[in-house]
């Protein structure tokens, strides 16, 4: 009886979810085809790049931030060192691709378990070290990553300060994918057709599209896995640890196991993000994995919303787009030119971080949910 | 003397020179409600924390149902059949009420990180845990709050949610740490009835720490009195009320 | 042996600057159990202010003192606006806020003064105070160490001999009783922030005045890690512990890394992090810390 | 009739969702010792914390006829209310002498060192340990220090929260005897919250009994000492 009540109550919710995701996938495809090459958006006299390169970077960051959601957002452990695992995944993948000619997807089979294990091992101190101390330590971890990969001893694997080039590996779209047909069909849409280019796609465009779709699918898979995890017994255990460790233990939650496993999952996600990043950029270089990256990933986490899954997507986009767009802004009225060059992106991200923590602690996602609830409640009250 | 379900033998624990519990020995028999009282700082909550393995005693032994409790890890306690509530609420505020209960039923699930991510057997387990949680909520008259976030509910409701969370793991022994705190007189009476009826329905054994003497004396079959970490008396409520040591522990020694 | 002695002298040089930043972190931690990730950036901003004042023609030490005052006032403002409204026991928002300050201050310094390294004026006499065979002890080392000790003595005096210092220590010791004794908590903690920032600015100025270094906006990141480790070694709650921690880390950086063959030179930062890991795991209260860090 | 030094009416207080006090009325006249008795969890501590501005309250709290409800704790101390909190009211990392100086934080007159001397005269043991940290003192010594610390602000009204807590009976008796001396010699007005009813009633002029956030009994201490109601309140009927 209760169960019936429950399932009947949640059917509309489920339908809504399905509709939402369908809409999301269609929108993604449209964007992919429209901006497959160097698509730009013009605002004022500035051109902002929205090519798939940017979006692929956003996907990489999104997956890394998803990992932070697991360990910070759901398990409540302040781990700031995600760039360490982002970098580890990137370098392992780069090494396998460049030196052993592995295909990208196959490298993930090594990246995931190794990052998972390293994450679990480095997560062990978290069993004793808590709160701020853990934040300190993991921040230190993030800070040392570049100097580790620059080690002379590791030169053969990492390429030292110059980085590891992987651009010899090409993503070739499977021939059965109807990219050309879809592109041409989209081009025939009245009025909007122009957005989708002209004629069949070049090999380079096809390769880009294929990468984007592949990465999106990977991201989707990661979301699905994490979504399943947090709505399960171990996921509730994680959230219980976050909210009150003592009562979690009393309820039978193995704190040590749950914490280390969630570190492992977070690190594995960081590694997948890093592997995607390198596959997109074509090189793993030490300074792409500095502690600044670790902080930017935290910005992504907070701005999207700590403890919300869609927040990771928003965070990834913000991280990929804000610094880039800030540096490609040539002129804005009333803003001196000096403030438009260099580290303006970093400034914006920092301000976002502070402003959101002060005024919207749940990030954009929670803010939107609150707004939605307000709207819905208003509608209800007017209906009555 | 009947074999106790919980046997506390010679438990001693010190914090920086202060002996919080001093060679404490007592036992609780199956399906008994045992009240544990004593003035502030007598060591009652410390004992709860020792039993639930939050603190390590320096000496002594605790046997529960034939198991050496002190050999268990903190999360092993609930597997052994003990659950507890906390003096100040220790719910998980950012989870919904039903999720709190489902997490309370942690030991009744089997999903691990990997099976959950791959959804192997996840749906069936979620369904059965949820049903279980709803049943428990219904029993405690909490169904209407099931999908609410746990934070922001009235205090008395949250206390009952905590009770539900402790019960959902089907414990044999329930440790209640000041369940009446913050409740009004009528709520306390209701709570007492509820606890007694739960005990009768599930053959539970209950160890109760409470300052509300009316509640303790009204419910308990046996009362243990602590003062300065030592047991100063043990007996039925009437015996305790007339015990001169107890009276002077509470009221001070008459001159 | 000579080389070893030389390394010890280098250790004193670096260690003193780490100690000054560590002192800043300790001051804030003592009172609020908060670790300010922006401490290094606040310090570098102060050092840039010193540089700017010097460009404007203010004598060097005058510029340092004005720079210290500037960063003290700034820190007091930051505390009031961004820190005070948060519950000190809830760590995540405070970590995030200080990381945000880190980004903002770093970006502002870089926008105003650019990323190009600039040379910082000499604060101390140049040359060597002491030469023996090939071992050189520079005046810089001596003065850096001396300034560090001087700052500690001044702080010690401020904290023990003045009323506000007493209030600050009372607040660190027992918040509730402080309030019941009529101490205004907010302004007292603000005083701690100001003091910390002044120490940090002095530390960054001395660091940048090292003849072998130039000032640039991101130079404090490494120093921050070393200083944090120094502070943790000292137990995070003891001023003199910060000095000893700083010297130890300087020592690890220049001596241990030099003599243990499998630790290459660029690994000194990693060595610091490993020390931090060991300290936090084995003795969370630090080697010199007096009390347990976690109170149950 | 004279105005009471402290007047509390319809006082309600809550911690988050928990209402702890349900309309309390009490008053303390100058040079009186008044005790509030009650079992644990009855809300005794909250009464004191309400008076010194540490919890959100509604109702009326007056010192010498003036409302102090809108004031924050540091202003209330300046109105002459000193509060010795439950357990350790001392600053464990500070020396004994520094503890006393913190107690005089709101003062800037020249008599502070004289008052410290007076403290040492009444508690010679504190003089012996003046350079030790408060954390190294025994429980009884800490309690003496906490009381002395509070007195250093030269209060009109001294609030004390369970001064007997965790102390051995002999030390408690000694401490309470000193309260009487303080009251008789210096005319210190005290509001003491206490669980140890016998002792408290011995030294008090008047008493209130608090049960579940309500005052259930009040009167002259001598009469209450004879009443069985206290026993009922503590041990259950």
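Per-chain residue numbering starts at 1, and chain names A, B, C and D are given in the order in which the chains are listed.
The rule we apply is simple: a residue touches a chain if its C-beta (ideal position, glycine included) is under 8 Å from a C-beta of that chain, and two chains touch if they have at least 3 such contacts.
Predicted model, so just to flag it, every value in this text is computed and none were measured.
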Go through A-B and C-D and name the pair with more C-beta contacts between its chains.
A-B
CA centre of chain B versus CA centre of chain C: separation in Å?
48
Cα-centroid distance, chain C relative to chain D, in whole angstrom:
43
The distance between the C-alpha centres of chain A and chain D, rounded to whole Å, is 57
Using the touch rule from the top of the page, what residues of chain A touch 2 or more other chains?
none
Residue numbers in chain D touching two or more further chains are none
Note: chain C residues in touch with at least two other chains are none
What kind of graph do the touching chains make: line, ring, star, complete, other?
ring
All pairs of touching chains?
A-B, A-C, B-D, C-D
If we count contacts the way the header does, which residues on chain C are in touch with chain D in the complex?
163, 166-167, 169-170, 172-174, 176-184
If you look only at chain A, which of its residues touch chain B in the complex?
2-3, 6, 225-226, 228-229, 231-237, 239-240, 242-244, 246-255, 261-262, 265, 307
Help me check something: in the complex, which residues belonging to chain D touch chain B?
16-20, 39-42, 162, 165-166, 169, 195-200, 202, 212, 230-231, 234-237
How about chain C: which of its residues touch chain A in the complex?
33-35, 37, 82, 85, 91-93, 95-97, 99-108, 110-111, 114-115, 217, 221-222, 225, 228-229, 232, 264, 266-267, 269-270, 272-273, 276-277, 280-281, 284, 293-294
Which chain B residues qualify as touching chain D in the complex?
18, 39-41, 153-155, 158, 178, 180-182, 184-185, 211-218, 237, 240-241, 246-248, 250-255
